[in-house]
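Would you mind keeping the following structure in view while I ask a few things?
Order as written gives the chain letters A, B, C and D; numbering starts at 1 within each chain.
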Amino acid sequence: MSKLTPAEFLAILERGMPSAHALNLDVRSIEHGSATLVLPVDASHLRPGATLAGPTLFMLADLALYAAVMGAIGPVENAVTTSMTLNFLRRAGAEAPLRAEAKLLKLGRRLAVGDVSLYVGDALVAHATGTYSIP
Amino acid sequence: MSKLTPAEFLAILERGMPSAHALNLDVRSIEHGSATLVLPVDASHLRPGATLAGPTLFMLADLALYAAVMGAIGPVENAVTTSMTLNFLRRAGAEAPLRAEAKLLKLGRRLAVGDVSLYVGDALVAHATGTYSIP
Amino acid sequence: MSKLTPAEFLAILERGMPSAHALNLDVRSIEHGSATLVLPVDASHLRPGATLAGPTLFMLADLALYAAVMGAIGPVENAVTTSMTLNFLRRAGAEAPLRAEAKLLKLGRRLAVGDVSLYVGDALVAHATGTYSIP
Amino acid sequence: MSKLTPAEFLAILERGMPSAHALNLDVRSIEHGSATLVLPVDASHLRPGATLAGPTLFMLADLALYAAVMGAIGPVENAVTTSMTLNFLRRAGAEAPLRAEAKLLKLGRRLAVGDVSLYVGDALVAHATGTYSIP
């Protein structure tokens, strides 16, 4: 059972993270230790080469993992990223939305570790692994 | 000798990466394989807990490494990040600017690897290592 | 179709990597872009705390990814690791073998990226992502 | 002031980590949050291509960070690696010893983060960043 609803997640962003709330995220699902977020992309998310920018991919991966963590432990807003590794796999443009599927690999008392796959359609465009510290 | 001036770097962002150009970056220096960028931060860069958000730190680290790479190889706009690892070390608020100091550890024909230290004042708030693919 | 058999993989290690050949690996399978290796562990693989040592986990993850890469591209011995990130998730002792399941996330002309899950029995004890450079 | 001597470090390895004790490490220094270790290398440390193997580099980086952590907090043997990222920068053979220089970037109550530079002579052959969990 998820301990956080999509509406609660968006409310947390609205109160505390204006840059994320401005993204108009579609929170497809938050489960106990997993989450799927979809980002509508446009030209503002591109980098030179008309490619989705790394920071956009990082942002969505980080938010998806944050949602997956809080789906497991509830609305602990002060859970914070302690590390994140991204591998950028394929270039993608701004024609289609970006989807992040996060799932936890470990949920400890102090640390949660998860991975995130980022897709445009069926194409895996990036992969991330990250750690959240649980206060 | 740097192969890219701060003005050329900002012009590349203006043409191809609107999200980065909107940051009002202060490009302190670009050398052959190193760069220092300063980001004026405000409430829009915070995450829950009134802490600088991970995506803001990623963005500045990625841009500083991009500048360091182009300082070494010239305005090769299509150099792209292939991987990035960030460790978040200390929380920081929005009271003072965020500074990224990037330097290359390796410059090969196909790959450049570098690290980036992110500071608020004298405090090291995050550290990144990343790889750029050179087309 | 795999482009490398388990026997060919072990022969490559025997000729060129004595430390790996000495491990008495059980090469369960090598497919086109995936591989499963099993390491019989004993007290020589422990670190303080009677826990499987990080270098043992790294070694098996790295070899499994190497096998997965050569399963896809054939016996290109000089494919080399360019980066690897490991997350250590659960402690494990030396009672049961360590199993690595590697699969490629991307196979480009110059770089292959993959991830590796390391298990003791059903327990996920570590997760790795890595990049191989293809000469 | 270091809280661990080189002799104490080697005694910890001798008791709890036979694979590391067998390396005949030269522990050049352990300070409060930094350490320098030198590994005499030979053919047993090579991978195909007559290049120092990734697991050897990982092993030395991990041990150097372990020494740096215990230099800061004392002989807490159960401090364990939670994550490690390595970038392999230049190939090196077995002609000269491998030297690891580790230093902490952060020492918290629960986590220590550090980086390690690995050299053969003056050449930087690999770079690592890692996190230790402090029990």
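In this section, a residue touches a chain if its C-beta (ideal position, glycine included) is under 8 Å from a C-beta of that chain, and two chains touch if they have at least 3 such contacts.
Nothing here was measured: the structure is a model prediction, and the numbers come from that model.
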At the place where copies chain C and chain D touch, is the share of residue numbers found on both sides over half (same) or under half (different)? same
List the centre-to-centre spacing of chain C and chain D in whole Å, with centres computed as mean CA coordinates. 21
Round to the nearest whole Å and give the separation of the Cα centres of chain B and chain D. 28
So which stretches of chain B touch two or more other chains? 82-83, 85, 87, 131
Which of line, ring, star, complete and other names the graph you get from chains that touch? complete
Can you list the chain C residues touching chain D in their complex? 12-13, 15-20, 43-51, 53-56, 58-59, 62, 77-78, 80-88, 91
Mind listing the chain C positions that touch chain A in their complex? 85, 87, 89-90, 105-106, 113, 115, 124, 127, 129, 131
Show which residues of chain C lie in contact with chain B when the two form their complex. 82-83, 85, 110-111, 131, 133
